[in-house]
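Below is one structure, written out as structure tokens, with a few remarks after it.
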Amino acid sequence: MQLGFASAILPDLSLEEVTAFAQAEGFACVELMCWPKGKAERRYAGVTHIEVTTLTKAMAEEIQGRLSKAGVSISGLGYYPNLLAPDAAEAEVCLEHLKQVMRAASLLGVTVVNTFVGRDWTKSVEENWPRFREVWKPLVGFAEDTGVRVGIENCPMLFTDDEWPGGKNLACTPAIWRRMFEEIPSSSFGLNYDPSHLVWQQIDYTEPLWEFADRIFHVHAKDCRVDQRRLNQVGVLATPLEYHTPKLPGLGDVDWGRFLSVLTDVGYQGPVCIEVEDRAYEGSLELRKASLRQSARYLRQYLP
Amino acid sequence: MQLGFASAILPDLSLEEVTAFAQAEGFACVELMCWPKGKAERRYAGVTHIEVTTLTKAMAEEIQGRLSKAGVSISGLGYYPNLLAPDAAEAEVCLEHLKQVMRAASLLGVTVVNTFVGRDWTKSVEENWPRFREVWKPLVGFAEDTGVRVGIENCPMLFTDDEWPGGKNLACTPAIWRRMFEEIPSSSFGLNYDPSHLVWQQIDYTEPLWEFADRIFHVHAKDCRVDQRRLNQVGVLATPLEYHTPKLPGLGDVDWGRFLSVLTDVGYQGPVCIEVEDRAYEGSLELRKASLRQSARYLRQYLP
Amino acid sequence: MQLGFASAILPDLSLEEVTAFAQAEGFACVELMCWPKGKAERRYAGVTHIEVTTLTKAMAEEIQGRLSKAGVSISGLGYYPNLLAPDAAEAEVCLEHLKQVMRAASLLGVTVVNTFVGRDWTKSVEENWPRFREVWKPLVGFAEDTGVRVGIENCPMLFTDDEWPGGKNLACTPAIWRRMFEEIPSSSFGLNYDPSHLVWQQIDYTEPLWEFADRIFHVHAKDCRVDQRRLNQVGVLATPLEYHTPKLPGLGDVDWGRFLSVLTDVGYQGPVCIEVEDRAYEGSLELRKASLRQSARYLRQYLP
Amino acid sequence: MQLGFASAILPDLSLEEVTAFAQAEGFACVELMCWPKGKAERRYAGVTHIEVTTLTKAMAEEIQGRLSKAGVSISGLGYYPNLLAPDAAEAEVCLEHLKQVMRAASLLGVTVVNTFVGRDWTKSVEENWPRFREVWKPLVGFAEDTGVRVGIENCPMLFTDDEWPGGKNLACTPAIWRRMFEEIPSSSFGLNYDPSHLVWQQIDYTEPLWEFADRIFHVHAKDCRVDQRRLNQVGVLATPLEYHTPKLPGLGDVDWGRFLSVLTDVGYQGPVCIEVEDRAYEGSLELRKASLRQSARYLRQYLP
Amino acid sequence: MQLGFASAILPDLSLEEVTAFAQAEGFACVELMCWPKGKAERRYAGVTHIEVTTLTKAMAEEIQGRLSKAGVSISGLGYYPNLLAPDAAEAEVCLEHLKQVMRAASLLGVTVVNTFVGRDWTKSVEENWPRFREVWKPLVGFAEDTGVRVGIENCPMLFTDDEWPGGKNLACTPAIWRRMFEEIPSSSFGLNYDPSHLVWQQIDYTEPLWEFADRIFHVHAKDCRVDQRRLNQVGVLATPLEYHTPKLPGLGDVDWGRFLSVLTDVGYQGPVCIEVEDRAYEGSLELRKASLRQSARYLRQYLP
Amino acid sequence: MQLGFASAILPDLSLEEVTAFAQAEGFACVELMCWPKGKAERRYAGVTHIEVTTLTKAMAEEIQGRLSKAGVSISGLGYYPNLLAPDAAEAEVCLEHLKQVMRAASLLGVTVVNTFVGRDWTKSVEENWPRFREVWKPLVGFAEDTGVRVGIENCPMLFTDDEWPGGKNLACTPAIWRRMFEEIPSSSFGLNYDPSHLVWQQIDYTEPLWEFADRIFHVHAKDCRVDQRRLNQVGVLATPLEYHTPKLPGLGDVDWGRFLSVLTDVGYQGPVCIEVEDRAYEGSLELRKASLRQSARYLRQYLP
């Protein structure tokens, strides 16, 4: 496994600065964010470390050259929009950009693109299914043709009232993953596995590692803390941020020793990228850098 | 505390037969269902052991006379519709019938009427709030005038897809109860406390007993079993029956010794009515009767 | 479910006396032991409440007539020898007697015969497998022809040094049951499910109920207590009685509420027979009778 | 084991009435309180069901005759003063009365007298030790001569400020019992074992059963509930009633199945007397009677 | 948060040597002990890294100059006597010295002085209260005037017989803190929060962080291990060192990930000073230095 | 305590290379494997970092000189054969080689030789006992004469079918150690304590540290993960690798903070040698080196 981080937490740094930071701190890899240039639609979105729409083969080679000199590899390209948004036009724009990200990955020789499946959050899982099929079958085909694998992050994208009730990403439970992979069995369709989202959904986060071993393309190291004192007031039907808090690895409920223990046993040898969404560490660039250092220090005790 | 049962599980018995059964089995009280005559809109609804719309003082006295002879009291009248249903006309009909139930309680000398607050299940808690105020302030006033106390059952009424996403009853968490009683502080407005709904919402079901001690007008003894094996597949964002099963007291996760222990310490001395919604015991009238016997046998070890 | 008991704990009572006791104590059924007449080879063996070798149709009808008058049914016939004993002659004798028990069941109109699969305890599971196939394929065929179902008790029959290392019954884990039923898929081949043996093997005793729901022909209500203080001295490699003690239901580690809760949900509607092997209750006939009374009192709170 | 109760909870009943109640409710035995006539010094003290100072052989025979006719035996005589009270004169009076209780036991043919060791609560355990030796060596000698065994209840007698800091009974932990029995190894010196006091002291209440098996002369079935919510405010250095509440068996933290399971395995065959100190059940004689009924119903599921 | 240590563990080093060690090991700060010169009255007391009585403005500036050059700040000054000692003269001497420490803090520009509230350990909490008020109201006033905040460490100062029964510091539980801050609401009166003392008092050590967030002026990183095996012998009424052992962070029962997780969420941004009282690491200066290194290595995985 | 590693994981490195690696990674010591040259009989066996049969005093001095220059000490010599193998000739060869290892230790000035007691795995513990006595009494005498202490590793040597049923080393539980040391009370006979083997045997791994404190000559830092999901299929009677997996420290179920906490308190000051048997880290020399680095990084947070 290679320790890295998702670049979304460093939006104010250029790719060169991100690379330098990674090198200085001994990170082996980085997941680079590839949002369209412009205003972010939500916290942690809208970061552009590679502008995919204008990327050429030459630029790609130059980027990889510089990264290679720094001893840092790209674990994957990341772009996490809602491909099944109720507004069809909006979804179409996302779809086109995602294809651009795939194309860029191909130019860069990066094999993994991370994203969400998306969801019309006003509808039930069942009602979203026909559209999932319609959008994703051709899209996975496109990925195959482009030579990249798609890692779907298992985040429900349901935190606060504006994402209520359904959240903006279908792919949040083992039952749904199973169905997804039965519908689209392509070996280019897999997961960007983040244990923290399973914790607050109260799903065992090591059990699926055995069943979905060959679907795990990428791993996000994020943690969260469920507070029983808050749960006692609002219960599991509340919007999830009412009872849990995203935290740095080691400051939450994930047992990282156990998680990484099973991960080694199922044969995973890919990247483990720290993803920071801990508001207590977002006050300044310095603190956000410190959060990556701290997370790495914590995780390295469990990693080769 | 007096052990009784909710009559909804015996829809095929007349009031006389219900009374005879209660007497024969040593139950001290019964919560009598008072739905409008006609077809039930959902499982466990639509049972009419007292037809409130036509009840007269004389009939009320006769009923109480017969019950008294059998040594069985009425713990409360029960009618659990959706007073905040999206369809205003439907809600209005429910409201009028609930007032009839209150009137009947008054005629019968019964001090407690149990019901739901209701909810427009397509909207968030926040969005339901203005209508809650509008409907319930005058209604609690009506209850005060009629001399009855309203016990709101704390069931989210969210089990399957047709109640998704919000469920049909707002009053499901301590945070919401607190807000309800701040808005309408009347001492005639309280709870019909059922610990089972708190179990699957992962809310401590003894903690609120201290804070809401003087709001507990009635207790439902129902239980449920949360299955981690199912939760591991679907998580807490699933519709609740995907991961839990309503069961008889003793066959679920409620620790009845602890629950009734704290209940005695906060000074509760009212009825404890078994409510059966365990599908494994619904195959026949005989089995439904047996379910009440079994539940009573189980609970009596913790009751005077 | 019908509450009964296994007659092995009352070896000094005749069938008539066993029946009278069952009737007096309100038991719905009894599992009758059918060992060959003669000296018991081990504790709890050698009890003969029906002498199968000499049973005629007329005798069978008389027996059933008397039981029926007492309101007691036969939950199954029980005979638990080692059909795979290293001594082939001994095993052959057992096999012949077991066929007699099946024949007797058929005469009595009893549909279940309970037994062990047996094991050459000096050999590994793998080494026992060929002989299992050889003996059991025809035997299950014989059961089918005779119209009885065979309920294999899931006891490892490994308690003390004389059964070391392998125990005298292969059929002790879900992995082995799965293999058994794959090899011999006959619907006449199932389990006499006893949760206590799973407890000390540290196997979840509710999980298999879902998978093997249609294989559960009979249930034994026995309990056991694992003592961590003893386990801390000898570990799980010791002979099992060094760290656990068979106990009456309610005096051990089985959570009977949970066990019977799941059992109702998987649709089991057969007998639940108390099996007593608690040495603290074996001092006298009176105490052994009391152990059945106490166990019934305990279990009835969870049973219709 | 024989189920009984301590008569202190029925101070308003005469011995005849206590006996009648025991008979009617199926209790096998009663521990009879033998305080000196007069005002009680504390709650649950001062009850006199046998006036020992004036008891004659003839009266003793008459009492036993009546009890025997009712099928009720005396499990022990109870008198729980502070034999090591700071006020020497007060202690001396207690000592003399306790000898009278022993004499009465002898007249009645009762073999067990239950009491406390006592403590000067203003002093440490160590500082109390010399006086313990001085008082108890001759007293146990007296008991031997009188033919009775002394069962020391393991209650710290520390609940509220007036017993702070040391409590009024030394004999509250296994470490102290061990020392007591090393100093005074007489087989007439043992325990009246009450698991509830070990619960709130956070001592395993089954572990000592093995070591002290032959010292257990009598068992009190009392329970208590430790509230973590209260402990979180005041900690274990508070006076104990600030964080725990004495409760009826089944309404507290004792696992009675486990406790009685081990008790059977260590060979205990004596009385198990319900002791009620649950304030929620003290409002009236009727309620106190009901508390004994409820406790018995609960415990009988674990007793022959 | 800034990682530092309490200088009491390095009594044999001069302030210069302490500073050099802190710098070499990368500590950001040190809590400097300011006991009066002379013999220590108890273990961990009597250390003087700043002699406050003779400190001048010039000396203070020189000290801060040297520390500043080393990149080490003073997290607070520490002096932990018993201001409520039974001997009034002794208490008065402590009070005067504490004022000197405050004066010194002011000269040094250090804003926090850490100490105990003290207690007459022979008296109950209630009995100590009037004197608490009498001593502390003016003292907090003095602190306000001097421009320092007082951080009260939450240690009961009850470990062995000589501190029995009450311990030498009242301020050991949330209930008492609440009362303290109600009596003296000054924003200069707060806590030097040490989770380890809450662990063995069995108080949740994260819960109070929410309520007392703005009262936490300083944090001690100490740990302890409660041994159930010892607790099983002596119970919670024993003197606390009979059942627990102070240990380095990571070698005890504190879940530091969780503790520091909540601490970040309540907004704490002050010092976290390792306090060593682990006797297994006190054999030599080298070992005591190693204990600080080990503790820092452990804690840094959870700190920025 | 000194952190080191067992050299068996680096079979492809020469002693010089092992030393260089230890020095470079900051290890204080190494347990050097001393198998006879030749083919390994099982995984992790057959490694020869010191060829004991040909070692001379001069060679020993040279080796120690080089190690000393590197700042690395020898924690012990390791050779783990089956001295009680059923094949007497094989056992004799092992015995002779073990004596050579002891002789070599003496030449090197190393005081500890680590090994197994051995076992005829086809026989029960009891049946092995006479031979244990016969072999080990003289052997411990030989060790005493040679001036070395023998550290017996507490591994059952039972993982897969070929070691079934008894395993190849008797010395696997506290009960057996107690018996061993009663039979051979020599202070040269002790343990090479590895907590991981106790974990999967379900034995508390801190409890024995108190009782056997002066018998702990050496410590192996190995970990393992017990999978309840696998245990649920096969139970504790399966061969142990069916339900557990050896893992690096931190990736298993050992609570190293607690283990090393108690170890410091019982006064252990010897070596703690990482032993790697985690198959996920055995793919290459680089990975095996990385496994030692990772384990050290993990353990150092708990070590001086």
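Letters A, B, C, D, E and F mark the chains in the order given here, with residues in each chain numbered from 1 onward.
Keep in mind that, in the parts below, contacts are C-beta pairs under 8 Å (C-beta built on N, C-alpha and C of every residue); 3 or more make two chains touch, one makes a residue touch a chain.
Here the structure is a predicted model, which is why all the values come from computation and not from measurement.
Asker: Considering only chains that satisfy the touch condition with chain A, which of them also satisfy it with chain E?
Answerer: F
Asker: So which has more C-beta pairs touching, E-F or C-F?
Answerer: C-F
Asker: State the chain with the largest centre-to-centre distance from chain C, centres being mean CA positions.
Answerer: Result for the farthest chain: E.
Asker: If every chain is reduced to the average of its C-alpha atoms, which one ends up farthest from chain B?
Answerer: F
Asker: For copies chain C and chain D, work out whether under half or over half of the interface numbers are shared, and give different or same accordingly.
Answerer: Copies use mostly different positions to touch.
Asker: So the centre of each chain is just the mean of its C-alpha atoms; given that, what is the distance between chain A and chain F in Å?
Answerer: Roughly 43 Å, centre to centre.
Asker: Which integer distance in Å separates the CA centroid of chain C from that of chain E?
Answerer: 64
Asker: So which bits of chain C are touching at least two other chains?
Answerer: Residues 207, 301 of chain C touch two or more partner chains.
Asker: Assign the assembly's chain-to-chain touch graph to one of these shapes: line, ring, star, complete, other.
Answerer: Its topology fits none of the listed shapes; call it other.
Asker: According to the definition of touch, which chains form touching pairs?
Answerer: A-B, A-E, A-F, B-C, B-D, C-D, C-F, D-E, E-F
Asker: Which positions of chain B touch chain C when the two form their complex?
Answerer: Per the touch definition, chain B meets chain C at residues 225, 229, 245, 247, 250-252, 278, 280-281, 287, 290-291, 293-294, 297-298, 301.
Asker: Sort out for me which residues of chain F touch chain E in the complex.
Answerer: 207, 210, 257-258, 260-262, 264-265, 267, 300-304
Asker: Which residues, counting only chain F, touch chain C once they are in their complex?
Answerer: 124, 126, 156, 158, 161, 164-167, 172-175, 198, 200-204, 207, 228, 231-238
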